[in-house]
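Notes follow once the structure below has been shown.
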């Protein structure tokens, strides 16, 4: 394992009932890169996310994260190890304020318990103040600080997506896994998101990005992994992947030839 | 100039704060096979759900067979001949294949004709006939798709809405599914097909619409769209 | 950074308000006594219910876990006190020893019940806790043979009231020329304890732990993905809620000087739940309001309905007790249907009406 | 041995009643994922209404045979229970179908209290006795006794369950119920009005509950406004034991729970006899001497505890129940 690599996935498999969601998928993600994960609907992208973040146990294969194996680990332990994620269909804490959402992200990096909460000793108060400060900073960082005290559910869609990123960043991840962050955004919002992703990367956080907005993927990702039917069909730079006939076929359809007269 | 069988006027659908369909116009004439294609998340499925009342619409009108069906619940539409095969097939896994087909004919009460139609579906998909007593949950993805289509046909639809019938299927199955779509179309059933697999969808359709971020950006004869570089751009994010 | 720590510089207006409220609370038992000592007792009951409701609110309101056997922890606290401070076993420990013990035992029961059941889905949890509550009640009812532990359905009598070095809270006496009745003296003890419980609840809610509870209530999967150990944090909610129940139980025992299994039936659990739901799940002021309203309701019904019926029909057709429960049932349904957030909208919801603060720094 | 057989017969009788009630929980849970807390109260209303009708007919000295009088009571009870269940679903549950789970569960608790207290207002606080219309005759079954009433309960419950299975497995409505249970949205696409299906589940469950109410009342000879609570809880336990959402499971669970309870009550005294222990206190040893060595830690007054222990154990170790394969995940 080179010091460059952050995550190594080897032969990861997952079945759901009769469907092979992931079939022996292997890849590596390097420190500091934006690694894209694309593929048609149902290709297994979100399944890969769920297996990586401990929501499902894989049927086979291993992950090695930051030099140590990541196996049979619960989702909260995955977060503790340094992988934070967002969800395809936004899972914010809807009835809490934007600020509180981010503050919850600090949970895993803070310590105060019952007695601290009740007694409010100096250490706890200092920790609380630090949590609030850091959370405000993160809201500013993603550009929703103005709505810090609004309930998450009352934020505009694009803001919710950015808030979810801020919440994930609050856990101080080494790897930030984003599941379709641009979904539902307009062109301007997507541009802002692109800048945000580049900022995050510049600050030293590696990004794993599932995205359907190909313009975004092609312009921001260093390397891209393409899944189809749970299998890896291509991996490489945006340009190589874009011209790979297998990828074009997977997206536009090509492998299947119709017997137009036979039907 | 006949009125189209299905006509959407400025349809807008929003959910969870996201405007998924931003005012689209679309029409399908009697007997046509029309496809609505576009990348993931473009709003295709939401459009279909808006038509069948599964997703409340924000504004706009939906006309079917000359009647305003805006906001009508799905179970009433089936009786009017509008049937839908949902994304992910939605077969009843704990029911047998025969029972699934019977569910398709739920809105009908002509027993003898229903029996004939079951045989007709089995003729279309012999695999299903072999397994008629098995529960649908034991079928493979492709077989489930066939069952879902067969079940929709059991209602004797005038208009069939198909949501991504090729999703998650192996190439051989995709081929079979598309051949079936064409066969059904030839029998005179009007079809609105939603697909991610643009090439196949355009090959079988007479006309097509391309959807991007909740809007229809291209439309026309399927043959022309097939060779239009803009379609490819819409999918792969290339500068057109 | 402390600049936006909550409420550092309190304006004089607020101080004036606090003083006024304190004065009102101090005088309240004497105002109530004008209408009869019974109303002072009702005030005391209201405070016991506030403690219970706030304890249950941690479990149901904060963490979103429906506990229908909550009253069992109240029973544990009450019997703990009854058995350790009564002639039943001839043990007479002081209250300040028993109350923490009762809280601790209730807490252990909470953990014992929670540990295996918290992985269950919400509605199953509700039924299991309900079953647990019934088991406790059945044991209290029957543990009088062959060894008499609980004295069975007769309950435990002659329980010691609170007393410190000869000063008994149950006896009427004159202090500095002011005549105090027993319930009035208890009122101040209860007031202090209640304020303590309220402060603890507010502090818990605005803490790392409180946020974790609310995160679990809102979306458990997302909470896990944020690194929250949901199992431990839920267990903590159960244990905390149970402890408050245990304390309230001990005080109940002491003020009543009598306990029996009858006081700890499913209906008590549901009454406390109704308080939480009516006031507004998760919202501390709302829960307090709910507890006060639903403690006063039967008394108001009793003092109005029966005379009213007597005047109208010449006899009592519906007794207040039945109507009280009926009203609770209707309240539960109506609140869920028309005001699911309760009578007092939660603070978070109010916060959003404020003009967004400019970020500090 | 004959105690065992006797308890088995008693358990089977009671278990048949549990099973009938459990079916109501399981049907509703299977389709909309709600624990209909008020279902036990429907059973109580069934008992109360049939009792009132029977008393009225007896009071009017109508020259009718007992069977007709009981049947008349039953028919009125069934009608009333169905109407209550229908109204309850429409008013208290339907508007909350998309609300968070906690909300309909709380309204269900509320409905339970409302029904109980309405019954209290109508029928009063006292135990009502069922008139001796039927004089149970005991028959000898392999050394134990089984009355004709017990036989009737078991057979009638069996017939009703068979009827329900037929409806669910063979009729159009039954198929629609099964389809709605699996995927209400797709069921709608088939032309099924799921509101009708859900109402049907409530109403059918209520009819069975009414029958169960009459059975319990004739069996024990009494009725009380509070009788529904414990019965409902036990029936729910039976449904969970068998695998909630699963009809066969509810029947199996009901019968099993009845038998567990009967055997438990029959043997707990012997099992928890503490006279064999040498470290007993003097007073206990005196008690043992006075009672021929039979002093039990727990007596049959703990009968009601068994159901709860069964419930807790099942939920912890096999939450999907004996016949359930999985607990459907609904948000």
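For reference, chains read A, B, C and D in written order, and residue numbers begin at 1 within each chain.
FYI, contacts are C-beta pairs under 8 Å (C-beta built on N, C-alpha and C of every residue); 3 or more make two chains touch, one makes a residue touch a chain.
Source: prediction; values computed, not measured.
A.B. asks: Count the C-beta contact pairs for C-D and for A-B, then tell me which is higher.
C.D. replies: Counting C-beta pairs in contact for C-D and A-B gives the edge to C-D.
A.B. asks: Considering only mean CA positions as chain centres, point out the chain farthest from chain A.
C.D. replies: Measuring from the centre of chain A, the most distant chain centre belongs to D.
A.B. asks: When the C-alpha atoms of chain A and chain B are each averaged to a single point, how far apart are the two points in Å?
C.D. replies: Here the centre of chain B sits 32 Å away from the centre of chain A.
A.B. asks: List the centre-to-centre spacing of chain B and chain C in whole Å, with centres computed as mean CA coordinates.
C.D. replies: Each chain's C-alpha centroid was found; their separation is 56 Å.
A.B. asks: From the C-alpha centre of chain A to that of chain D, how far is it in Å?
C.D. replies: 49
A.B. asks: Which residues belonging to chain D are in contact with no fewer than two other chains?
C.D. replies: none
A.B. asks: Two or more other chains touching the same residue: where does that happen in chain C?
C.D. replies: none
A.B. asks: So with touch defined the way it is at the top, what topology do the chains form here? Options are line, ring, star, complete, other.
C.D. replies: Drawn as a graph, the chains make one closed cycle, so a ring.
A.B. asks: Every touching chain pair, please?
C.D. replies: Once each pair is checked, the touching ones are A-B, A-C, B-D, C-D.
A.B. asks: Can you list the residues on chain C that touch chain A in the complex?
C.D. replies: Within the complex, chain C touches chain A at residues 1-2, 4-5, 200, 203-204, 207-212, 214-215, 218-219, 221-230, 236, 240, 348-349, 351-352, 354, 356-357, 359-361.
A.B. asks: Quick check: in the complex, which residue numbers of chain A touch chain B?
C.D. replies: Against chain B, the touching part of chain A is residues 17-19, 40-42, 89-90, 153, 155-157, 160, 180, 183-184, 186, 212-218, 229, 242, 248, 251-260, 262-263.
A.B. asks: Taking the touch rule as given, give the residues of chain A at its contact with chain C in the complex, in rising order.
C.D. replies: Going through chain A, the ones touching chain C are 53, 55, 74-76, 78-80, 84-85, 87, 91-97, 100, 103-108, 110, 112-114, 116-118, 120, 124-125, 127-129, 131-133, 136, 139-140, 145-151, 154, 167-168, 171.
A.B. asks: Under the definition above, what is the set of chain D residues touching chain C in their complex?
C.D. replies: 34-35, 91-92, 95-96, 99, 101-107, 109-114, 116-118, 120-121, 229, 233, 236-237, 240, 274, 281, 284, 287, 295-299, 301-302, 304-305, 307-309, 311-312, 315-316, 319, 327
A.B. asks: For a test of understanding, state which residues of chain B touch chain D in their complex under the given definition.
C.D. replies: Per the stated touch rule, the residues are 52, 54, 73-75, 78-79, 83-84, 86, 90, 92-95, 99, 102-104, 106-107, 151, 155.
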